[in-house]
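What follows is a structure written as structure tokens; I'll ask about it next.
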Amino acid sequence: MKAQRIIAAAMAGAMAAGLTACGSGSSTQTTTTGAAATTKAAANTTTAAASGTTGDNGAIRVAWWGSQGRNNSTIEALDAYAAKNNVTFSYEYNSWSSYFETLATQSVGNDLPDILQMSTTDIINYSKNGQVIDLQKYVDDGAIDISKIGKDALSGDYVNGALAGITTGVNTVTVAYNPDIFEQAGVAVPDDTNWTFSEFCSLAEEIYNKTGIPTEIPFITEARWFVESLVRSYGVDLFSSDGNSLPWADDSKVSAGVAKAMDQVYKEIQAGVFVDPEVMLGWSATEDSYIATGKSAMSYMLSNYVGQYSKVLGKDLGMLMLPKADDGTTSGMYTNSNMYWCISSNCKDPEAAAKVINYLINDEDAAKLILTDRGISLNSDIRDMLAKDDSVSSSDKATLEYVNKVNSVVKGVNPPDPANSAEAIKVLKDDYQAVCYGEANGTDCMDDFISQAASILPQK
Amino acid sequence: MGNRSSNTAGNGRGLSKNARNNLLGYFFIGPWLIMFLAFTVVPFFASLVLSFCDYNMLSAPTFVGWDNYVKLFTEDRLFTKSLLITLKFVFISIPLRLIFALIVAMILNRDSKMVPIYRVVYYLPSILGGSVAVSVLWRYVFAKEGVFNQFLNLIGIPCNISWISNKDTALWCIILLFIWQFGSPMLIFLAGLKQIPKTYYEAASIDGAGKVVTFFRITLPLLSPIFFFNLVMQMIGGFMVFSQAMIITDGGPLNNTMVYALYLYKQAFGYYKMGYGCAMAWILMIIIGFFTLLVFKSSSAWVFYENQISEGNGKKKRKRGGKKA
Amino acid sequence: MSRKARKIWGTVLFHVIICLIGIIMIYPLIWMFFSSFKESSKVMTTVGQLIPDKWDIQNYINGWAGFGGTTFATFFKNSFIVTILSVIGNIIASAMAAYGFTRIRFKGRNFFFICMIITMMVPSQVLVVPQYLIFHGLGWVNTFLPLIVPEWGGRAFFIFMIMQFMAGIPKDLDEAAEIDGCGKIKLFTNIILPLIVPALATSAIFGFYWKWDDFMGSLLYLNSPDKYTVSIALKLFSDPTSVTDYGAMFAMCVLSLLPVIILFLFTQKYIVEGIATQGLKG
């Protein structure tokens, strides 16, 4: 039969494939490495072709994570730029939870987008491994204008001496409070320039005793922000400037001070003054939290969240600076880069990309679209403009004002987190939650964090 | 029931028959084999090689020997913890999920106008997967002031723990979510039940066998290949459980729901330790392989194949066991 | 009479219980459906309330608009292309491989069967980087090919499942057919395939849903928004650092579930009306 012959031919083809299969199966090690090498080589040769498909005719690929609002405003701002400047963009927006997974994988194929939005925890890895370029050159030649930003404010952008990215905007930490509940309890808004954690606790107690309204546990899901503010109130940074150690690890005064604050937290939880940790960890959305529903008096949070919580509450939350440790010597406040704009090392025209970044951070029209979505701009002109702009909400204006106030207390912006810090921070978070659950005390927590951090942080 | 011996096929017909069979065999598994060789084999062994490397994905891997494995077993507290949590998860949720799936499949295996609708309804939870709606509602139901506690209070059991973030009960919320999504094994059971020839049931009812006897004598044995499949696949899936834990608790509280795959993911992509993640993956593979082998080995005792006696299948089984052992 | 009455009562009780449990089972879906008609800012503040105060389709309009001019029409189109092309190839290849593994004794069969089972045991997270390199080397990144082509080899899950169903088909059938002069290929297409329709239908449902819902693959290989699938687009609504438009997200979630539900409704009869009963009186 004819059919049989055709099938036989097809089978022969399949068999041939099968035989090659047996070959590679039996000598796996060599073949694998061989194949990997070929793939790498192939990857190199096809890079141009691949990029060609992604960004048509030299379009600049811009990647960020965000929500619908950010996606739309960023695209609108960049489209406006493209219309004026004879460039084209291709946008690669993603959700936060998967953004860095994609970037890491793309970096393996030398296929990173040209302009990257980068987080404070991840930038170190990309800079250290040469995946993002030093932008100093483009600042020096004027492609990126920092005259309105100031060299001090850029302190948060350097990784091992290289300008790894440009801060999109800063944020800071705050104790958000509900003014209505303060009024109801008949307590005055405290002077936050020099207050201590014990004073914060007594204030929470007072409000609780008078109204039965509790206060949220300081940063139960991000212990790092809490501990950092306490540590810094002793005049030391959380991580050493080389990123290899905790500079305060041998200073028993600091760790004892933090441990004491943590024990106080547990005591207040037991007393009902702080919200039950089980309840707090059960929240998933802004709308669940007590501070956004008027069921708690105060809450530690990042300044860029205040607007969002105020919106749900339907009333602007007040903002206080974080209290220092009881025997701390200075304010523990600090500002952070909210995120960065970086240029990847496989960008073919970094000069053009640098100009785009310049537009995003310095242009007033762009700022009017993006507003405070990526943090409070470092550009003083833009800050002034936003403070007067009608499209900026009152809570965003309050945040702006608050960041200005914090800036007058602290100098410069925190450097990016050191390598491996994500894992160390996770240890701290777990230990702190163990304290809140009564599984450990403050001293256990700090001892464990110090010893774990010593082995997690790079030893060089 | 197909017990007739059939060893006439094959052996006596000479080489050409074997060659023909080889050709035919590779023709049929050809598409799978090509894709397997093209897209699975290399990544598979690459991950083994990477497990002996320090690899952050952003720069080239460096060979570190057994370091990753040594570190896993000596320094990493969370590794042991996540492994134990995963074992607990598998041994509790898989039997329950299978039993539940089988019961519902049997119930829905009847003829009635409404039954097709019911099948959709009971399958639907599975297609909600890891969506946000599930995560929101699960938290809402099992929160301190959630629906579940309100229900308990209503029936006179005072309870005010937050199930989802209590360190002892959080894992149970995830187990429950996993069981709730029993649609896929149910569907497979349903298809399996439908494949059982009605004549067997007719014969049984003529013999006067009751429902229980019929179930154990006919349904279970004839369904056993399907049950075997579901057991193996659900077990493998259970060991790799990931999205349920990620969307509901993200490993918390106090890492009490940090299942193995979630921890692996965090190491590989969160901390840029792909080499370490690969080492974890290979350890997991050995563990899953061990349990799968147990199930395969035990299967000759309880899995009934219609063509069991036929020599081909028997040989295949013996070989399968022999090679692994 | 009493027996008949008991039977009726039994049936009623059956339906009542099944319905009650059924409502619990799909409550999240019902909730999501109703929430998608609530005012977006109210979705999370009125979790306990099922029926919206005011029915509003604004969420569907906002959601459908997508991001920066790329609407959900694009995302749905992409999802359909990827899903349909991969499911068809997947089922054909899976059925073929299953037949090869169960019914043909060839050299290397056991070896490859074990290979297949083992590949299911490796968490996919550690395979993505090498796989990406391969697709990158082929120049397939930012095309649908990496999502579709590997599926044409079938999935181990389906192959193994169909094998188990084939194991229930008496071998006598093969012999009878062979004696009648029917070759292995004809035996497969004319006799075995019709007998495993329930398994194929099950594979189709799972294959469709898994591909439709697949996020990791789509995410890594599709860079530009005009190639995004629905599963990626749904994740683009939420961001931990800004307000999530839950209303729009749920509205699009509801729409994204429709194809899966419709497919299930149409396919399930092939699962339950198996042709298996005929010709199986071995």
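All chains are identified by letter, namely A, B and C, in their written order; residue positions are counted from 1 within each chain.
Note that in this section a residue touches a chain if its C-beta (ideal position, glycine included) is under 8 Å from a C-beta of that chain, and two chains touch if they have at least 3 such contacts.
Source: prediction; values computed, not measured.
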Chain at maximum distance from chain C, centres defined as averaged CA atoms
A
Of A-C and B-C, the pair with more C-beta contacts is B-C
Distance between the CA centroids of chain A and chain C (whole Å) is 36
Centroid from C-alpha atoms only, then distance chain B to chain C, rounded to Å. What do you get?
16
If you look at chain B, which of its residues touch at least two other chains?
22-24, 26-27, 30, 33-34, 36, 42, 46, 57, 136, 269
Per-residue multi-chain contacts in chain C, two or more chains:
44, 108, 111, 115, 129-130, 134, 185, 238, 246
Residue numbers in chain A touching two or more further chains are 7, 18, 25, 36, 39, 101, 104-105, 108, 285, 288
Chain C-touching residues of chain B, taken from the complex the two chains share
1-2, 4, 6, 8-10, 18, 21-36, 38-40, 42-44, 46-47, 50, 57, 107, 109, 114, 116, 118-129, 131-134, 136-137, 140, 147, 180, 184, 187-188, 190-192, 194-195, 197-199, 222, 225-226, 228-229, 232-233, 236, 239-240, 242, 261, 264-265, 268-269, 274, 277-278, 281-282, 284-285, 288-289, 292, 305-307, 310, 312-313, 315-316, 319-320, 323-324
Applying the document's contact rule, which stretches of chain C touch chain B when the two form their complex?
14-15, 18, 22, 25-29, 31-32, 35, 44, 47-48, 89, 92-94, 96-97, 99-102, 104-123, 125-127, 129-131, 134, 149-150, 152-154, 157, 159-161, 164-165, 167-172, 174-175, 178, 184-185, 188, 198-199, 201-202, 205-206, 209, 213, 234, 238, 246, 249-250, 253, 257, 260-261, 264-265, 268-269, 271-274, 276-277, 280-282
Mind pulling up the chain B residues that touch chain A in the complex?
22-24, 26-27, 30, 33-34, 36-37, 41-42, 45-46, 49, 56-59, 75, 135-136, 139, 142-144, 161-162, 164-167, 252-255, 266, 269-272
Touch list for chain A against partner chain B, complex:
7-8, 10-15, 17-18, 20-21, 24-25, 28-29, 32-33, 35-36, 39, 100-101, 104-105, 107-108, 125-126, 128-131, 276-285, 288, 420, 422-423, 426, 430, 433-434, 437, 439, 455
Contact residues on chain C for chain A in the complex?
41, 44-45, 67-69, 108, 111, 115, 128-130, 132-134, 136-139, 141-143, 183, 185, 215-216, 219-220, 223-225, 232, 235-246, 248
